[in-house]
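To start, I am sharing the structure in question, which I have written as structure tokens.
Order of writing sets the labels: A, B, C and D. Residues in every chain begin at 1.
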Amino acid sequence: MSYAPYAVAVWLLLAGLFGIVTSKNLIHLALCVTVAQSGTYVLLLAIGYREHGTAPIFSDVPRSRRAVDPVVQALTLTDIVVGVTVAALLLALAVKAHERTGTLDPAELRELRG
Amino acid sequence: MIGVQIAALALVAAFGLAVVLVQDLVRVAMLYGIYGLTLVVLLVVFQAPDVALSELVVSMVAFPVIVVTALATIRRRERRGQ
Amino acid sequence: MSVLVPVTFALPLLAAPLLAGAGFWLPRRADDVAGILAAAATTVLAAIVLVRSFAGSSVYWFGGWRPRGGVSLGISFVVDPLGAAIALLTAALVTAALVYSWRYFDEVGTLFHVLVLLFLGGAIGFSYSGDLFNIFVCLELTCVAAFALTAFRIGEEGPIEGAFNFAVTNTLGAVLILFGIGLLYGRTGALNLAQIGRALEGRSPDGLVVVAFALLVAGFLVKAGAAPFHFWLSDAYAVAPAPVCVLFAGVMTEFGLFGLARIFWTVFALPLDDAFGLVRWTLVGFGILTAIVGALMSFLQRHVKRMLAFSSIAYTGIFLIGLGTLTPGGLAAAGLLVIAHGLSKGALFLGTGVMLERMHSVDELALRGRGRGFWISGLTWFAAAVALASPPFVGGWQGHEGLDHASTVLGRHWTAAFIAAVTIVSTGAILRAGARVFLGWGDRRDPLLSPEPDEEPEGEPERPALLLALPAAALAAAALAVGAVGTLTPHALLAAEQFTDTRAYAATVLEGRASQAPRRESPPTSAESVVWALVATGGAVGLAAFGLWRRRLPAVLRERVGRAVVPALDALRTVHSGHVGDYVAWLTFGTAVLGGLLAFGVLQ
Amino acid sequence: MTRQSRVGLCAVGLAGLAALLAWGIAGLEPFGHYPGPYGTILNAVEPQERHAANVVAAVVFDYRGVDTLGEELILFCAVMGLAFLLRENREENTRSVRDRASSDAVRAVGIVAVPVVVLLALDLIAHGYITPGGGFQGGVAASAGLLLVYLAGDWRAMRRAGPLRLVDVAEAGGAAGFVVVGFATLIAGGAFLENLLPLGTFGKLTSGGTIPVANWCVGLEVSAAFVLIFLEFLEEIMAERARDR
């Protein structure tokens, strides 16, 4: 059981990849990319977790509480921002592709063959 | 590991898969919102309130606005096309 | 000295938002001037940083957070000559791109300048950074800028699709990198490269180390456009505006390889010490595959930009072979080739800009003979192609020569022959296109080439002919000249020695102990290298002639060879389907194969 | 590739990747046993060194401030990129549309909700280095409030009046502000982004030295950036509406 969080992280990555490959819709595909990306949030936070640890936010200076790792949380914050920006760009491109071609199906968008 | 963490992990894994498998856009949009919330719960039980707040505002504000407007734009366009 | 390092990094990043905020009120052309000035100033700073870095790596701790007891608390930039050279090359190409795009992007105001400056800032941070996560952040900054720049001509279908495929595959590459970072952090509790390297040293590598290495390598190979992760690259380069292509081909794919070399030599070189042979053959194997796919596909294109894109993929393969030797000599040779390749590809891509702007197409067959009046651009094209072919003492010659020496670890003769063959095919395609467009040689039709959908480029702005031609000519001249600069090879060797000295790097970062690599003399020019260089150049000319006048060969011969070759080429062509799902399926498969190979070797 | 072969190739890849990743994560410490040292040391030394109650905020804005600088610029870059992609050829199309998006009821709800959301958001930013929250979280929330202003009011008219330009400038200013903080510390003789301000009392709003400054820059940048992102997407609908006519 103590490896379940890591397994869920891997699961999200693999599920996201599978979704991207099988997706028939660019908007859905963009959301699958963010699912794959959210695997990294779970992985990072699971790594930094400490049993019976509290959030790394302290109310007083001398303290004896055991806190989880603040670094992975900072990394995840950055990761979330990157994820939302990329998703916004992808969705904008999907909307534009639809405007141009009238379809969101990647199988019908085949301008760049060969 | 405590029960609430296991439950949150199971929810995240299940809704992540659901988002990936469902192809209908409106349903995906709703599932994605729920998926975001399950992630928030997971982040809270992993003692990461800062990250949970980030994920909360992203999945409750940013994504809904962007996804819904994108869907609305496309729907309007399709309606005209018919 | 040390203050220069953060200033070089932050200057373009300050200029970009300032330009964006003030752009509306700036008078006409002031945005062009301001962008060029910022890029030029960064270039000067990057040059100074490079010159000083030869005296030994310097470390800069942001926020003044120096390491305590070997544990790094903050983020460091560690400037060594190789990283500084990549930063300088980027800054120079960004300046050239901005000069070239004078008045090009008028309709979007300052946005182009802002994006290019952000690209530059990210690139500099990436080249200097000594922190694994910071490398990721800087790389993402360059990539996000690149996604947007690719799709500039948004009114057409191609750019949207190209940018979408580019963004999806590269984001997944970043996810793989991040998984690798997570695994390493879980093991070592560190993000500083030197500290991670120290923590892993001395223990035999287990699954975690191997998998982290495989994920990081796969992620960086996605960014580098190595086969089978390369599909996005030809899509993106084919559709991006010419000045953007200069940046992409000149430096962006090289970032992937640089990142790979950086993490290998700072983190994995010591723990994987016993598995060197295996890592070497895995990387070289991917390099060979990439070079073959890129060279063949480039010869099959009539879309000139797509042809150049595949040619860049072929060169990625060659760089990967050089880097994959895992020797300082191979790394130095790859670096020298990157310089010559970046300059000549820059000139060639600007040449396609002239075609698009003045001849209104980038279709080799449609343009046959239409370039006759453009003699400066024509000369530039052939000069750049020759620089790529690298006859003795011209263009990439020193890189090719260095690769000959370094590839003794691989078996020298076949490597030289293989690289000559790749050069022949990819340069042959470039010469063929040039001869067809600028000289009007060859047939009007060629069924072997990929059919192009009719695409009418929208009205490009008509700008002065000299403005279009001169930056390209300058880049081509520089590309030709680098082969003759004798001091380049010893400097590259010195830089590579410094770059690959894992222990010295860690001591510099964590203990502040300065160290300098011993100066090495470049090995003497061998007759074999000269012969191979001549063979490659001559072969390229010959193959170009074959491509132009293939149909004049006897019919029997044509049919025989055709029956054997064409199905294979068609199969290769169909793999490049333009379907993003296919690309991601290949990405998944490629990562699994890469990881499997590395795992297999370590388990042995 | 046919769909079957694509899925087949992917399935092989996924199986391999799953095995690989399983082998990789097996080398990690079991869940809950973070080995350190990075985070452990920071948790131990940060309160004395930086006086910020929220260690994550100290890591984000100080220890690893350059990452956050890059992150803000990625967001800034995405907004520039969206504008680069979406603004082309749109002005003419949308100019003719008059806004009918909001009924009076929507407007009334908006007018009540806006100040609440914005105040909440500002509070989230302000206390970011003491309690959970901060520039990013509060910034996105603030952008939701500002979006309500646009939706409740006649946003087309507001655009004409020029707030979009103002948002552009605010976004650029926030992004530049973070870099300016770095340059300022350099000019003052410190390292880039080094704290040179008094640290204040632990747990108070005045604590943290440069952290609040960077935090507010981020808050400004993020709220403006998300307003711009939302508007770019909303403009697409407007353009469609214009074409409907």
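Points worth noting:
Just so it is clear, contacts are C-beta pairs under 8 Å (C-beta built on N, C-alpha and C of every residue); 3 or more make two chains touch, one makes a residue touch a chain.
Worth saying up front: this structure is predicted, and the values here are computed from it rather than measured.
Across the two interfaces under comparison, B-D and A-C, the one joined by more C-beta contacts turns out to be A-C.
Rounded to whole angstrom units, the spacing between the C-alpha centres of subunit B and subunit D is 18. Work out the mean CA point of subunit A and of subunit C, and you get 27 Å between them. Measuring from the averaged C-alpha position of subunit C to that of subunit D gives a distance of 31 Å. Distance between chain centres (mean CA atoms), subunit A to subunit D: 16 Å.
Within subunit C, residues 133, 137, 140, 144, 147-148, 151, 154-155, 179, 185-186, 191, 574, 577, 579, 581, 584-585, 587-588 each touch two or more of the remaining chains.
Along subunit D, residues 6-7, 10, 13-14, 17, 21, 25-26, 28, 31-32, 34, 36, 38-40, 42, 54, 56, 64, 67, 70-71, 74, 77-78, 81-82, 85-86, 132, 136, 229, 233, 236 each make contact with two or more other chains. Among all residues of subunit A, those that touch two or more other chains are 2, 4-5, 9, 13, 17-18, 21-23, 46-47, 49, 53, 55-57, 67-68, 71-73, 75, 77-78, 81-82, 85-86, 88-89, 91-96, 107. Chains touching one another, given as pairs, are A-B, A-C, A-D, B-D, C-D.
Remark: subunit B residues 1, 49-50, 52-54, 56-58, 61-62, 65-66, 69-70, 72-73, 76-77, 80 touch subunit D in the complex.
Residue ranges on subunit D touching subunit B, taken from their complex, read 31-32, 54, 56-57, 124, 132-134, 136-137, 140-141, 143-144, 147, 226, 229-230, 233-234, 236-237, 240-241, 243-244.
Those residues of subunit D that touch subunit C in the shared complex are 1, 6-7, 9-10, 12-17, 20-21, 23-29, 34-42, 62-67, 69-71, 73-74, 76-78, 80-89, 165, 168-169, 171-173, 175-176, 179-180, 182-183, 186, 190-195.
The touching residues of subunit A, when paired with subunit D in their complex, are 2-7, 9-10, 13-14, 17-18, 21-22, 46-51, 53, 55-61, 63, 67-75, 77-78, 81-82, 85-86, 88-89, 91-93, 95-96, 107. Within the complex formed with subunit C, the subunit A residues making contact are 9, 13, 17, 20-23, 26, 29-30, 33, 36-37, 39-40, 43-44, 47, 71-72, 75, 78-79, 82, 85-86, 89-90, 93-94, 96-97, 100-101, 106-107, 109-114.
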